Amino acid sequence: MMIIYSLDLIGTVAFAISGALSAADKKFDWFGATFAAFVTAVGGGSVRDIFIGNVPVSWLGDMNYLIAILIGVLITLLFKPIVMKWKKTLFLFDTIGIGVFTIIGLQKALSFGIHPAMAAIMGMFSAVLGGIIRDTLCNDIPLIFKKEIYAIACLIGAGFYLILNYWLVSDAITIPVSMLMIILIRLTSVNFNLSLPRL
Amino acid sequence: MMIIYSLDLIGTVAFAISGALSAADKKFDWFGATFAAFVTAVGGGSVRDIFIGNVPVSWLGDMNYLIAILIGVLITLLFKPIVMKWKKTLFLFDTIGIGVFTIIGLQKALSFGIHPAMAAIMGMFSAVLGGIIRDTLCNDIPLIFKKEIYAIACLIGAGFYLILNYWLVSDAITIPVSMLMIILIRLTSVNFNLSLPRL
Amino acid sequence: MMIIYSLDLIGTVAFAISGALSAADKKFDWFGATFAAFVTAVGGGSVRDIFIGNVPVSWLGDMNYLIAILIGVLITLLFKPIVMKWKKTLFLFDTIGIGVFTIIGLQKALSFGIHPAMAAIMGMFSAVLGGIIRDTLCNDIPLIFKKEIYAIACLIGAGFYLILNYWLVSDAITIPVSMLMIILIRLTSVNFNLSLPRL
């Protein structure tokens, strides 16, 4: 589980950087940028925790998430031009982040006795709601509503986890395989510029 | 109570359709449309549940709400031109929805020991917050802040429920009468184009 | 504690007036204005309560907050031209409000066993999130993200409270001193037009 925890924190740093970069675009000051980094990184998990009744919300009980966010803001502040050039690396970390956040969120919802189908939605919410709240605060319509395979990748990975879990496959296989599935669907869809049809 | 539960699900379908239609206006993709349908339908009830401490929030424990939302999205997707023509029918279902949502929300808040005046506000929140969150996500100023008798109808109906309840009138009369009152005030105000004065 | 409670209610009136004034700018009707006043006044405390698990949220259990908000809306409605001229007085009450909200929020979080560093963030959230939600609903980018020393003043005052508390200084000194610190930092920064650097 140490690996998953580390990936969770790396995902948090990546989400915080993406929040701080949006804030820089909008000419926010340091507080605004840190706040944007914060909601991007912990917004999804907070809503999940509140919906399932896991309060105090989890980041309130683990200082490492706050530190990961501040590291993300600092990286953006100190190395902004480099971070912009590292877009591919950042995208990779962000993608690892959504894989990890989805499966951790799904497991947490299941542990609170939530129905598997709803737990899959809670997993997806953990991964995508932070970005949606960030875009709403920045007065943008969330990109995720219009473009790209993102939430669907999370739902497919979560569904895959539930199927393997139902077949009693060990977590040691189920967790990495379903995370990888999310990451691969996301990478493939961005690479081939796939998106969902409009309504 | 079977009738109320059915009306609750019909209201959920109507709210989901109104969310999906807003999303179609904004050129959202399928995920965005389903998300908009979802927040419109369960956003108000979720906030009420979270405020009064009813967690996990109620839709997490009843798959029928999720199914009702997906039916609403499917109807919008398959029959969009017809749905647009059915505006009056949709408006009627939506209006039934706010009547039902208000009284169910009010009752739930009372059952959690909330003061009647606050419970009336919680009932109104159940009916109107989903639409407010939808408009905020779609980057619109919620119409409800500027036009039409909507939230006030909910508050009047909730107040009427509380008065009948105080006089120990049976729920079999109190519930339908107060729901009808909300529906009639709303229909009348739209018919005669009434609205609140500006501040 | 009677003084703090009174200041809390005065701060609530001031926050409600600031919400209603934003609403008047946007040509909201009475309901929209009251809703804006409401989220500005109790939005921050509600999020704090939900995050730390203090549900039902505190304003649901004390009618005086609702009354304070309605008084704020009435004052704005009846005396709008005068209120605009009283901007300095209103700003002073608003500033007292953030000082009081921060320290009350911090204490409440500590009483729920939240780590002091996180409790300081919860105190700051209590003071600033209401305004952020108001601006988001009004379709503005929150001013606080771009200008002025505001959240930082709350964090410094909260930190000062924690230090005095750690040294076992009596609450009778700790509370007023840390509130005054927030108020003075805010007044000074507005007076000298200080702001944080952009990212």
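When the chains are written out, they are named A, B and C in that same order, and each has its own residue count from 1.
In this text, a contact is a pair of C-beta atoms (placed from the backbone, for glycine too) under 8 Å apart; a residue touches a chain by one contact, two chains touch by 3 or more.
Everything numeric here is computed off the predicted structure, so don't read it as measured data.
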Angular offset of subunit A relative to subunit B [C-alpha, multiple of 5 degrees]: 120
Equivalent interface positions on subunit A and subunit C, same or different at half: different
Rounded Å distance, subunit A centre to subunit C centre (Cα mean): 30
Subunit B: positions in contact with at least two other chains: 50, 55, 136, 139
Contacting residues of subunit C [partner subunit B, same complex]: 20, 23-24, 26-33, 35-36, 46, 50, 55-57, 60-61, 63, 66, 76-77, 80, 136-139
Of subunit B, residues touching subunit C in the complex: 50-53, 55, 112-115, 117-118, 121-122, 132, 136, 139-142, 144-147, 150-152, 195-199
